[in-house]
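See structure below.
Each chain carries a letter (A, B, C, D and E) given by its place in the written order, and its residues are counted from 1.
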Amino acid sequence: QQIGVSMSRFDDNFLTVLRNGMEEYAAGLDGVDLQIEDAQDDVARQLDQINNFIASGVDAIIVNAVDTSATEAMSAAAEGAGVPLVYVNREPINVDTLPDNQAFVASNEIESGTLAAFEACKMLRAQGLGNGARGYMLMGQLSNQAAVQRSIDVRDILGTSMCNFITLIDEQTANWSRDEAQDLMTNWLSSGEEFHVVFSNNDEMAIGAIQALKAAGISMDDVVVTGVDATQDALVSMSQGDLDVTVFQDAAGQGSGSIEAAIALVNGEDVDQKVYIPFQLVTPANMADFMSAN
Amino acid sequence: MSDVDISQDGHARPRDTHALGEVILRTEGLTKHYGGVHALEEADFEIRRGEHVAIMGDNGAGKSTFVRQITGVEQRTRGKIWFDGAYVDFEGPLHARHAGIETVFQTLALADHLDVPDNLFLGREKTKWNWLGPFRILDYRAMREDTLKALQKTGVKIPNVRNTIQNMSGGQRQCVAIARTATFHSKLTIMDEPTAALGVQETAQVENIIRTLKDQGEPLILISHNMRQVMDLVDRIVVFRRGRIVANLRKEETDGQDVVAYITGAKTQPAYADAAA
Amino acid sequence: MADQAAHGVGGLKYDHSKRQRPAELNVLIALFLIVAVFELLGFLIMDQSFLFDSAGRFDSIFNEQRLQIIILQVAIVGIIALGVTQVIITGGIDLSSGSIVGATAMIAMSFAQVAEVNGFPNPKGVFMEQGWVDLPVIVPIVVGLLCGLVAGGINGLLVGYTKIPPFIATLGMMVSARGVAKWWTEGQPVSFPTESYAAIGAGMNPVIIFLVLAILFHLVMRYTVYGKHTYAIGSNEAAARMSGINVQRHLVLVYTIAGVLAAVAAIVLSSKNLTAQSGMGVMYELDAIAMAVIGGISLQGGRGSIVGTVIGALIFGVIISGFTFLRLDAFYQEMVKGAIIVGAVVLDQYRQRKAAARA
Amino acid sequence: MADQAAHGVGGLKYDHSKRQRPAELNVLIALFLIVAVFELLGFLIMDQSFLFDSAGRFDSIFNEQRLQIIILQVAIVGIIALGVTQVIITGGIDLSSGSIVGATAMIAMSFAQVAEVNGFPNPKGVFMEQGWVDLPVIVPIVVGLLCGLVAGGINGLLVGYTKIPPFIATLGMMVSARGVAKWWTEGQPVSFPTESYAAIGAGMNPVIIFLVLAILFHLVMRYTVYGKHTYAIGSNEAAARMSGINVQRHLVLVYTIAGVLAAVAAIVLSSKNLTAQSGMGVMYELDAIAMAVIGGISLQGGRGSIVGTVIGALIFGVIISGFTFLRLDAFYQEMVKGAIIVGAVVLDQYRQRKAAARA
Amino acid sequence: MSDVDISQDGHARPRDTHALGEVILRTEGLTKHYGGVHALEEADFEIRRGEHVAIMGDNGAGKSTFVRQITGVEQRTRGKIWFDGAYVDFEGPLHARHAGIETVFQTLALADHLDVPDNLFLGREKTKWNWLGPFRILDYRAMREDTLKALQKTGVKIPNVRNTIQNMSGGQRQCVAIARTATFHSKLTIMDEPTAALGVQETAQVENIIRTLKDQGEPLILISHNMRQVMDLVDRIVVFRRGRIVANLRKEETDGQDVVAYITGAKTQPAYADAAA
């Protein structure tokens, strides 16, 4: 069986783990052949890849959507050609109207930012800053849905009565990149403002911020830093007492789950059309459980 | 004083004064500096309707610079210009051409990747369906036919006018530039070394074109290093030296030897003595 | 004068039969060679034909679906490339087209949203409050084209009147327009268009729009004053100016047209994808330029043609589909794609050079 | 011959005092103007000085931290821009530098990993099995520089010997090298470098490396045959060839140097970040080109200088820091950044044009 | 038959045969077509050591094309070339120059953005620290001094040699190109219309340079449209017409009238009758 996979991007840490999970799982199955394409974060390219898969006559298609609001056209293309389609990792916008031979295995992005921000809020309270704390937020690429959503989550948490003691001094984009985050943090430091927390849309930027803070001689005990992804680098950083909070998502599990669903659809078996995989909070307390997970 | 002379500074300059409207172009104190290079200094120049004037001078004397100031290719450092009875300040060569000055520049100003008819009609194409504005249709056939006629006047041989200009020989390029100017009527024609790259026959033909202009009463400024040519064709010779005008000679009152003396600096007209200092 | 003799005014012997081949022919040969290579590899590796295998699903000798997707997937960037071609012929460059696509798609799509999705109010509605939903399709189209017109016009004014290098003018626009795209909804995608808007880019419509525009601009570049002046400016801007062409005004027109074409691409793209995203069109400018260059254009200006660009776009499409057909690993795809782009142009150059040029 | 007279061989009056200002001066003025604007806005909006406020933390009238970050954040792209400047002076362009950074960083970093992290075997170790860990720092450096050398050399060979447009040659390399970067570890980042490797890009080292290289190449471009021939090729390639310059070999040298400089940037970058990622360096090529162009280079070739590029880089740095200082919204940042890039060049052009040039 | 004549086709061609090694350059059947344009057809040409030969002909007759084939700027369509006793096939002008051919091209081949000394020494800069290879240091001072000397020989006036070439007048540019060639010794010098843009004085100076070459026994191919100049300077005149050689005239046996007759086609030498058909 030939399965075409369109990943939103190849050079993302988390998605690489997911991709590897798929490949490993498929390698263990007989007669399943994966063809994985890189959509390079371009919705239009992704739609074209799906059409190319259809022209090549694949048996099923798995899509890690660049943007979940672009899934309608993809569902329509696959449905028109009668090819089963599985969305992985990101919940499609047309989740309630998926045709019968389509399904999704995904997490709800709203959880990730919320979990991290809420944990940070609790930690700050515990440090006795309950009557006023200040922070910065590092955002991912603003054209990326996860970045936008995770930033909204943080703002929402800071709007709740429990956490509204935290004020954001500034929020800027560092485009997911450790390097840009490092420079941005240094720029912030040069204004000499006092702050207690750094929210970051992903671990890479969190690590960049930590590197900048350390270079400026700031003790990591004085600042709470949050990330998302629970990458190896992040966990090492956490074990060194630098990173305080991150969020884990079972990438490999999503990968294998999506292939399972695709094969079931090809064989005409009954499948759950919606499979939610929850995010999990990672703190120094439970980090050992995730050390070799992602 | 003629009506075009509205100089206010009252500074006395040597000049002939002419009747109203007889002067087609006059410059006063025309000056151009390039950084530290004083390429043109205080040039007072005048040409009347129907008159053919030659400008001569060493290489680098400022002749082409003078042409570039008149035609608006560059903005002058200072000085005044009157054309056709009005004070003018051309923003660019487009304006000069609209005012009626046709020029063969020393650099020729041809578009290398276009063919001969395209270059000849550049900026004033023959077109159909003019209501289409900038998208009006080119009349290739008419332009090609006119091109062949214009080229024949210059005597040049071009085996295929559809070839791009970059593939033309030096003389062919020059003839295209001359044909372009000769095709359109104008109030003043300027030619900067038009026959420099031309062969014996082609030179003779271009000299014929110039004689035709004379017969039609169209004024001409001719820049040339060719003494025979100048003596044959023009009424008056203006000599540039080191960025300044040093002589203004009627052809009848001079000869080649004399002109060379002015060019080399062996002689200077008394009227321009201070300039040549 | 006999028509035969009407090509020149004498001189050297001139042999009509040996006229130089148009440059586009070389590009076309490159295209066929690439197709042939994929066919060959298909037989060797995949045991299947690239273009001629109907996979039993269609009643034609061609794999029609593949033929369609080959051109469909480059049609939208192809529309941009038509404008970029004109800009490059003037000796300029347009780096902003991808960002103009992003900004235009966002703005146009906001005026093309439905009021209700599945019976609920549209969750992504940008102008829900103002009630600007379910508008006639002409509204988003006009708004979109206006966006392109303004952005392109600014490019043109900058290049024409301030004389700054086009690279910088359009780089500035690239950065700014991307900012506008992100700012418009603060990064949120705009979705759920009306049916009539969705129809614009449905099916093979993008291809039809691309080809119609390509033919139109082929004619314009070849047979109108606009085209002639575009080439003249690229060939020798000083000469064009001295010849009395209003270079500044013309440049404004060229860049504006390029902007409008980018806007057309944006409308088609967002309609085809049923969504608009602030990240849409990233790197399209490079693809569009590459199509034009593969099509034989010179970045120095003065040379190139719309036909070449269309063939260049097809080469792109064939490469993309060919890779999927061969099931090449994504990693190798990129490595090989780079090599093929270079190879296509090397081939073209080699053939052109055989018709040895003057140094 | 008196030294005073030794500037020419007579003719027109020549006034030494009125020599034209070097173009770099205009760029420098633009830099100061931009700084002044940020100072002014700082006083108006933030009630704080941009550069002169030490925030009570340092014993200097300057905000030293800000001065440092202004240059630190552009030092790495600046290193690339030094190579790109040379390429552009030859009339070429290098789109591949960002991708070369990505590929080189991945490969070099793989040879710079530690065996153990926190007592566990390095989870990211690329060459753990081969035991190539804890290698001396010279190994990753040499490997990295070789990567740049090869990639740049290929660019140079393509441009010099096949005569394809540099845009296409380096576009191909851009796509291919990015493919290599992703393929190297199948997209996995490479982390946990040795201490000695980490030291390369620590603290202000990137700035020192940038400035030393800048001075070196300033001297090379100005006082050596290499520099002279680089300018000559960009000014008139046919003339350079007819004058007996070995244009092809020279182009190989220029592009190779650009590749090596990109590799230097990659090593510094990965060291500074303690990680290498396949997406590193994306768009650096555009930033590098923009720095050079803001610094007064002409994309037609033949003109420009290293000094200009360094000032161009500083303008970039000031803009980035200035925005953060003003806490401008990210959306507006991009829009305004585009405008400032354009504005800086418009200003430069305007001042240059006052010293009116021949059309 | 001389030893350089190794033509195998046995086709009889009109030629003088000379003693071994006396011929510095010989071409046989040299032909160049540009697409359909037959710019050069079957040119058999010969120049001996110490000899000065002029090439004349209409615009577009193929003179510059001939020069471009000899100097390797373009690759010939067919034909054979011997230089300095050996069969040659230059890949580019670089090779021709290394072999000892110095050329002033009609297009001048100057780098617009460099100044005068840079252009004069382009490709053979004076340097210090040569062990640095391509990064050896330029000796600006020595080059500037030599430049001023070389320019004085041409008589041109350039107020500031540090100015870039693009800011030079047409004649100044041409003088820089000539000075470049005259500065370096060579086995054969070729000048394509060297005085076209020059003024009266500068022309005289360049003619002096050519006379000096003659005195030093260096051979020269001079392309010129100036009959007086040609008659003054050379030993022999070769006439091109429509891409073919139609006459080979010793100066003593001809005069201006006669040469013009060959150029225009009124006359053709019997030896070349088939060529001119």
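Heads up, the rule we're going with is that a residue touches a chain if its C-beta (ideal position, glycine included) is under 8 Å from a C-beta of that chain, and two chains touch if they have at least 3 such contacts.
Bear in mind the structure is a predicted one, so any value in this text is a computation, not a measurement.
When chain centres are set by their Cα atoms, the one at the greatest distance from chain B is A.
At the far end from chain E, in terms of centres built from Cα atoms, lies A.
Spacing of chain C relative to chain D, judged by their CA centroids, is 30 angstrom.
With centres set at the average Cα position, the gap from chain B to chain C is 44 Å. Separating the CA-averaged centres of chain B and chain D is a span of 48 Å. In chain B, the residues that reach two or more other chains under the touch definition are 34, 36-37, 58, 60-61, 73, 92-93, 107, 156-160, 167, 242.
Each of residues 11-14, 178, 182, 186, 238, 241-242, 329-331, 333-334, 358-359 in chain C touches at least two other chains. In chain A, the residues that reach two or more other chains under the touch definition are 10, 38, 142. Note for the complex: chain E touches chain D at residues 73, 92-94, 97-98, 103, 105, 107-114, 118-119, 122-125, 127, 132, 134-138, 144-145, 148, 151-152, 156-162, 166-167, 180. Against chain C, the residues of chain D that register as touching in their complex are 95, 158, 162-165, 167-169, 171-180, 182-183, 186, 238, 241-242, 286, 289-290, 293-294, 298-300, 329-339, 341-342, 345-346, 349-350, 353, 359.
For chain C in complex with chain B, the touching residues are 1, 6-14, 220, 223-226, 228-229, 231-232, 234-236, 238-246, 250, 253, 302-303, 358.
On the side of chain A, the complex with chain C involves touching residues 4, 7, 10, 33, 35-38, 40-44, 47-49, 51-57, 67, 69-70, 72-73, 93, 96-97, 141-145, 147-148. Partner chain B is touched in their complex by these residues of chain E: 34, 36-37, 57-61, 63-65, 106-107, 156-160, 163, 167-172, 174-175, 193, 196-203, 225, 227, 242, 260, 263-264.
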